[in-house]
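Each of the next two complexes has chain A plus one more chain, namely chain B in the first and chain C in the second.
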Partner chain A sequence: MPTAAAIAAGPLLDVENLRVDFPVRRGLVFARQVGAISAVAGVSLHVHPGETLSVVGESGCGKSTLARAIMGLITPTAGHVRFRSAELAGLSPAAMRPYRRRIQLVFQNPYACLNPRMTALENIAEPLRMLALNHAERRERALRAMEQVQLLPEQADRYPFAFSGGQRQRIGIARALAVEPEIMILDEPVSALDVSVQAGVLNLLKDIQQRTGIAYIFIAHNLAVIRHMSDRVAVMYLGRIVESAARDQLYRAPAHPYTQALLSAAPIPDPAREQARQRIVLTGDVPNPADRPTGCGFRTRCFRASALCAEQDPPARQLAPGHTVCCHHPS
Partner chain B sequence: MLFSPPARAAERPRPRLSAGIGRAFRRLGWSHLPLIFAIVVLVGLVVIAITIPWWTPYDPVALAGRRLQPPSAAHWLGTDALGRDVLVRTLYGARYSLPIAAGVLAVAVALGVAVGALAGFLGGLIDNVLMRLADITLAFPPVLLAMAIAASLGPGLVNTALALIIVWWPIYARLMRAQVLNVKKLDHVDAAIVGGVKPGRLLFRHIMPLCWSPIFVNMTMDVGQVILLAAGLSFIGLGAQPPTPEWGQMIAEGASNFYCWWIALGPGMAIFLVSLSSNFLGDALRDVADPRGRQ
Partner chain C sequence: MSQPLLDIRGLAVTIPTRDGERAAVSNVDFTVDRGEVVGLVGESGSGKSLSMLAVMGLLPRQLHVSGSIRFDGVEICGAPERRMRSLRGRRIAMVFQDPMTALNPVKTIGAQITETIRLHNPTLSRAEVKARALALLEIVAIPAPERRFEQYPHEFSGGMRQRVVIAIAIANDPDLLIADEPTTALDVTIQAQIMEIFARLREERGMAVVLITHDLGLVAGLADRMSVLYAGRVAERGPVGPVFAAPRHPYTAGLLAAVPSIDDVAERLYAIPGTPPSLGDRPEACTFAPRCDFAVPLCRTSEPALTRVGSALVACHRAGELSLSDLPRKGT
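After this line comes the complex of A and B, so read on.
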């Protein structure tokens, strides 16, 4: 949890109205743009130092694209990414480099995120080249990062193929941690892992946060995992954040129909209560992001949709301090 | 008894040495035969090419006996129109054909890989310019282009090699560009960018190390092709000049004495064996080098 002083000092990362549109082109020789897929369609969020903000949403809603846009791996079409009030959106790779040691990303797929031709230690030491360190110092810090994620020093010179998925994910975390960033974006860090190793990695992340005061943007789709990890939760649907609130507030009193449907879909590990659980079953699929519905993006699947929803895009409204929702009919 | 004792050594039949060799062969299996064949032929030819002046009974460019003799005990593959020993000349030919193939491929691959990697990595205008250049070269039939270049540069082995390099580099440029484009999309490259790795190191340490295997495979396959085309240029008189014992040039001499079949047999078999071996080697390398098979 962030301290009150940290919150008063203003957000560490402030994302405002971020958009990522992928152009859809037709024609072979003289390609012209015939439309755009809005993977991220105007996302605003902020993270305070030492805080964990979770972003939850189903596959294809733009979570990973959001992470990549914040990191500058994809150039956002519009909007702002401010890191301690420095604008990051639209920076050239060279101009972005000084910020890389302060904001890091852990990738979703532990099998693809490591360079297969480098040892675990070399992989971890690679970002340390950003700092003014010599070879021995880099090695020492990489070993320390390995220790932080509970990898053994004798594993340092092995190549990635010799590690299990959970171990590789910890190498990925060690690589991000080695430069001691202020914020780390975790793009579904455990979804590719067996349930038995998920808990280990999650608790490790919480430990590290308690020790170092690092902030996380935690991207996931598992509600139980999110409840375990977050201070605040943002729910994403079709490239937008439809509801965000403090964790307990969101789980206790979800206001957006999509959040309600999501929460109702999670099984309860108690047979009696599980029997009584009321499920909200959504019909249909997520609309094509190249062809958004008019008005509210969720209205095609919403059980509370009205004529107003087809006409007007619901603006964000504040239900309680820190609890915002984009819905004409919140409850 | 809770557990059975380990089988004592005395109870197991002792393997004999001969059985060991048999087992090793069975384990390797017939599937490795082409590779063994290829290695024997290629290593053998290299050894012969290096050591031949010390042990041949005849000089490759001097009279060795009567002219146009069919194969005999003294001249295993007979003599040519000038009375030179065909087998000795064929073996000496390895001193020309193998270095040409190696040299042409080394330069063509270096050039092609550099161009392809740059084009794939930088993209945009540079990619377009470099690749259109490669496309222009590839648009010509390779034999025709090599002939035209060799003819305009003038006959000779070095000019033949130059012509072959010009014909060959675009193949490797395209191959490398495609590889770089593929590898560039992988997560670990994004991870390196997030880790602040600068462009040069990104290309050399994170992208290119994963691009080599198809290049190597293609190289071994191309050894035979280069030797064939070099021989072809010599055959039509653009490459090696008489009395150089170059294979293509020797076949040309054989063609003018067509009824003496043995004159072209030696160099023809040599070209055939080298091409076949390099293809076998390429096949085997592809099986080994495929990163999906390695894990």
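After this line comes the complex of A and C, so read on.
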């Protein structure tokens, strides 16, 4: 939870109208651009210090591309990424470097992002090379990061293969924490883990936030996990944020039909409630972003779609303070 | 009571390793009645897929299977491949997690469905086979089946592919469908569609389903009974309602408490300490004892047998005496 003072001081990260278009090329020798896929089609969001903003959406909705564009790993086509008022969008890699330390990214697959030929400690210490630290200082900071994620010092010299999935994700988190970032973007950090191990990593992330006041952008598809982790939630569909609100508001009074469908489709581990609930089952699949429907992107699967939805892209409207929805027929 | 459709007794699967034979599944009892949905729950490595592959006779030859697997009253454990072939796809079918690898990328969807129908019905005419294939695509709710029939798997989305895989699995109206994490690779809204198809198959065709999953929510929504596997053994089994309402095994209770809830917010989740044991170092006694908050010395010396507690069978020395409804939300 961010403090009142933190909110008054303005957002830590402010993303405005961010777009990422990927060109579609045809032809082998004389390749020409025949179109563009908007993976991120105008996204605005902000995060305050100490706050967790979750981004929920299904595969292909653009949530990972959004994370990479914020990090500057993909150059956005248009829009702004401001970190403490400094513009990051379009910065050269060299100009971006000082900010890299302050914004860190943790990936879904904890095995793929660790170097298998480096020990746990070397993996964690590697990003510290960009700071002016000597070997002993790097080692000391990496050990401290290990301790923060509850790995034991005697595990420092083991290689990634010797760790379980949950422990590897802890190494991934320690590696991001070692440089003492102000914000961490977590891209599906627990979805590759077994249920019994997931809970430990989620608890750990909450503890770290409470202790350090770090802000998170938590990207996931599991609505129960998101409810547990977030202060605010943004729902993404086909490259856009279709609804965003404070957590309890969103879960209590979802207004966008897509949010409602997502909530009603999430399985609940309680047989009595499962049998009693009325489910909204959406028909069809997410449209191809290269072939976006006219008007509202969700109308092809929407149970409330009207003629208006095919003609006009619904603008964002505010239902309550902090609760915005892009829908012609919110309820 | 009539005899169960599938009756597994004392199933064991051992895997040869450099250090000798290791039991990946040991002493598993499991039954499925006609038209019943049974959830098989466990984490990766718990042996849930291996046990069902043993039923299908699809395990690699190096793995050693023992125990009894009776399907419709007939012993099929160790049955010759020819017998298994006449059962597979006709009376027992299986759906796997990844629909892309289950389909042949260079054959049309139509060819793959008709192949399965023809294999077990050599006397049907071409037109009859095609009509049946189209009907199957309709059952699994694929729009425009005529057009889809001629298309290749790459032209289908993940959810659509999984429907095709299900259509192939149910092509010959099997008595038992084994679904191994059928929706794990799919999105929530697509998952809801697939689960609806399973519910309909059971209702309209009386098909029995074994749902292998790690998602307790799916089991709660579809299954009548459930078995919880841990490290190759049954920890707890019983009717879904009572097991969810009052789990008797600390592992089942831990799993339930570890999942965040979608409609209320706990500050902390219960985290089961440690990680599941690897195949090489499974404890002799209770396999869960090293991670159990309630273990007593007995748990480290003797293996608990499955005993009846209420309506469930539980493999825990302390099953009767523990109150597991309020696990401590501590530790990370």
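Remarks
One rule holds in what follows: the second predicted complex is superposed on the first by the 329 of 331 C-alpha atoms of A that agree within 3 Å, B and C clash if a C-alpha of one lies under 4 Å from a C-alpha of the other, contacts with A are read in each partner's own complex, and residues count from 1 in each chain.
In this text, contacts are C-beta pairs under 8 Å (C-beta built on N, C-alpha and C of every residue); 3 or more make two chains touch, one makes a residue touch a chain.
If you're wondering where the values come from, they're calculated on a predicted model, not measured in any experiment.
By the touch criterion defined above, A:161 reaches chain B but does not reach chain C. Contacts of A:268 after superposition on the shared chain: chain C is touched, whereas chain B is not.
By the touch criterion stated above, A:129 is placed in contact with chain B alone, chain C being left untouched.
Within the superposed three-chain model, A:251 lies in touch with chain C and out of touch with chain B [touch as defined at top]. Once the two complexes are overlaid on the shared chain, A:294 sits clear of chain B and of chain C alike. Once the two complexes are laid over each other on the shared chain, residue contacts for A:73 go to chain B alone; chain C is not touched.
Taking chain A as the reference, the larger set of touched residues comes from C, when chain B and chain C are compared.
For chain B in complex with chain A, the touching residues are 186-188, 190-199, 201, 205-206, 209-210, 291, 295.
Looking at the complex, you find that chain A touches chain B at residues 68, 71, 73, 93, 97, 100-101, 104-105, 107, 109, 112-118, 126-127, 129-130, 161, 172, 175-176, 179. Contacts from chain A toward chain C in the complex involve residues 58-59, 150, 164, 166-167, 194-200, 202-204, 206-207, 221, 223-225, 227-228, 247, 251, 261-275, 279, 281-286, 301. Note for the complex: chain C touches chain A at residues 43-44, 143, 157-160, 187-193, 195-196, 214-221, 240-241, 244-245, 254-263, 265-272, 275-276, 331-332.
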